[in-house]
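Step one of this worksheet: look at the structure below.
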Amino acid sequence: MYKSETHIRVRYSETDQMQYVYYGNYASYYEVARVESLRQLGLTYKELEAMGIIMPVLENHSEFLSPALYDELLKIVVTIREKPSVRIKFHYEIFNEKDKLIHRGETLLAFVNQKTGRPCRPPEAFQKVLIPYF
Amino acid sequence: MYKSETHIRVRYSETDQMQYVYYGNYASYYEVARVESLRQLGLTYKELEAMGIIMPVLENHSEFLSPALYDELLKIVVTIREKPSVRIKFHYEIFNEKDKLIHRGETLLAFVNQKTGRPCRPPEAFQKVLIPYF
Amino acid sequence: MYKSETHIRVRYSETDQMQYVYYGNYASYYEVARVESLRQLGLTYKELEAMGIIMPVLENHSEFLSPALYDELLKIVVTIREKPSVRIKFHYEIFNEKDKLIHRGETLLAFVNQKTGRPCRPPEAFQKVLIPYF
Amino acid sequence: MYKSETHIRVRYSETDQMQYVYYGNYASYYEVARVESLRQLGLTYKELEAMGIIMPVLENHSEFLSPALYDELLKIVVTIREKPSVRIKFHYEIFNEKDKLIHRGETLLAFVNQKTGRPCRPPEAFQKVLIPYF
């Protein structure tokens, strides 16, 4: 299992008139958290795209336990629990400033060759770095 | 079962550099579609809030079958399959301009009394309009 | 002068905890309004991009006179006041449901050849349709 | 004059299919930058709202000199050039990773008493901290 942590501060633009973070904005929190989790391994999603590989999202599941509020510094714990193949699943747990678990999510992504539009294996560099965790 | 249809045109702001609609933007498509499905019944979410009731999202699930593209006029079919209680679940099916099913989603929401922060039953008016469908 | 009108209903996702439309979301209202104003002339921005021309924004100016509120059906009046050259300026006036002017904006865009990255003239089709208005 | 610096990394959600940061997303960069510039003075916008004061935006002006790209770590220099009264103007300069100036913006905000909806002076604490700079 690979586990990492990222912090994100809630922006005003991300709140809605219910005074909560709008439910659709968690997806971009997930995105930041998974990109940072890869960066901590020395991998950047930007380089992946430069290599002609894109990672579209296939499935997403979210549980909203308690609202996230404006200006809170959220902690997002990302875990990859299974060895990635042509797909990779990220799990997210979000904690608020009082360290209360307020949100759980998971996202399934594919590795896709941008030219052919077909699923592909993660690049060598990617596999090399992640394999030791599984 | 209650079923309704809404159309939404993809905005440029909703695309990302993969040239797809960003996966986080489907949540706001769901929101528009469920609000319009209620409006077709003579109910507006705005009035609900004016009555002191908010409807936070508890759970969300999305399946991305094929990408939605810029400027496409999407058709969103919304169904409510079970009689709402203190919770209500909306199902969404999104079709592109070629009438291909490209996305499936579902969202579970609660009725919450804004003052007390506690779950509550949907208001009379709401129940009266929806009950004939179940 | 070319003048057109578009209607946009405020989404919940576009509000913030001040209970107003977040000031950054007017840019996407402008985008929808100018794209629709061109569509009313038989031009689509999508086709323009298919022809290898992109229209990045160079300048934007906004005046927030009164807040736009959730679920309001806004009317956006778009005008092009000067004959477009390698640049084109759109003016926007936004009216709320009571027909009160609540917002004024203007956006200067360039025509750019996507391959070379250099400014270019608007395509023939574009000029032909717009010239009669100036 | 008061001057401060903030760094923001471009999110995938903020790009559009032109492969640039969507022009409407700069507004939220401004927001983050001005909130952080106040935080560096010991002031938080969150506390301001807790005191019953909101700061709606009255005017916004943006110049897009060069595009911001995915994953770039942008530097935003915020300056307040005039002593705030019932209004306060923030200037922004955004630099990309090569330290090239790519964007200039300014935003005029009001101090408003949330209850009365009327303009008001900035609170004591706010004035005390800022006055030494003018």
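Think of it as A, B, C and D in the order they're written, each chain with its own count starting at 1.
Here is the rule we go by: a contact is a pair of C-beta atoms (placed from the backbone, for glycine too) under 8 Å apart; a residue touches a chain by one contact, two chains touch by 3 or more.
As the structure is a prediction and not an experimental result, all values here were calculated from the model.
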Most distant chain from chain B, judged by the mean position of its C-alpha atoms: D
Between B-C and B-D, the pair joined by more C-beta contacts: B-C
Centre-of-Cα separation between chain D and chain C, whole angstrom: 24
Separation of mean Cα positions, chain D and chain B [Å, integer]: 33
Separation of mean Cα positions, chain C and chain B [Å, integer]: 27
Junction residues of chain A, two or more chains touched: 12-13, 17-18, 22, 24, 27-28, 31, 49, 70
Parts of chain D lying in touch with chain A, wherever the complex brings them together: 9, 11-13, 27-28, 31-32, 35, 44-46, 49, 70-71
Complex interface listing, chain B residues touching chain A: 17-18, 20, 22-28, 31, 49, 54, 56-64, 67
Residues of chain A defined as touching chain C within the complex: 12-13, 15-19, 22, 24, 70
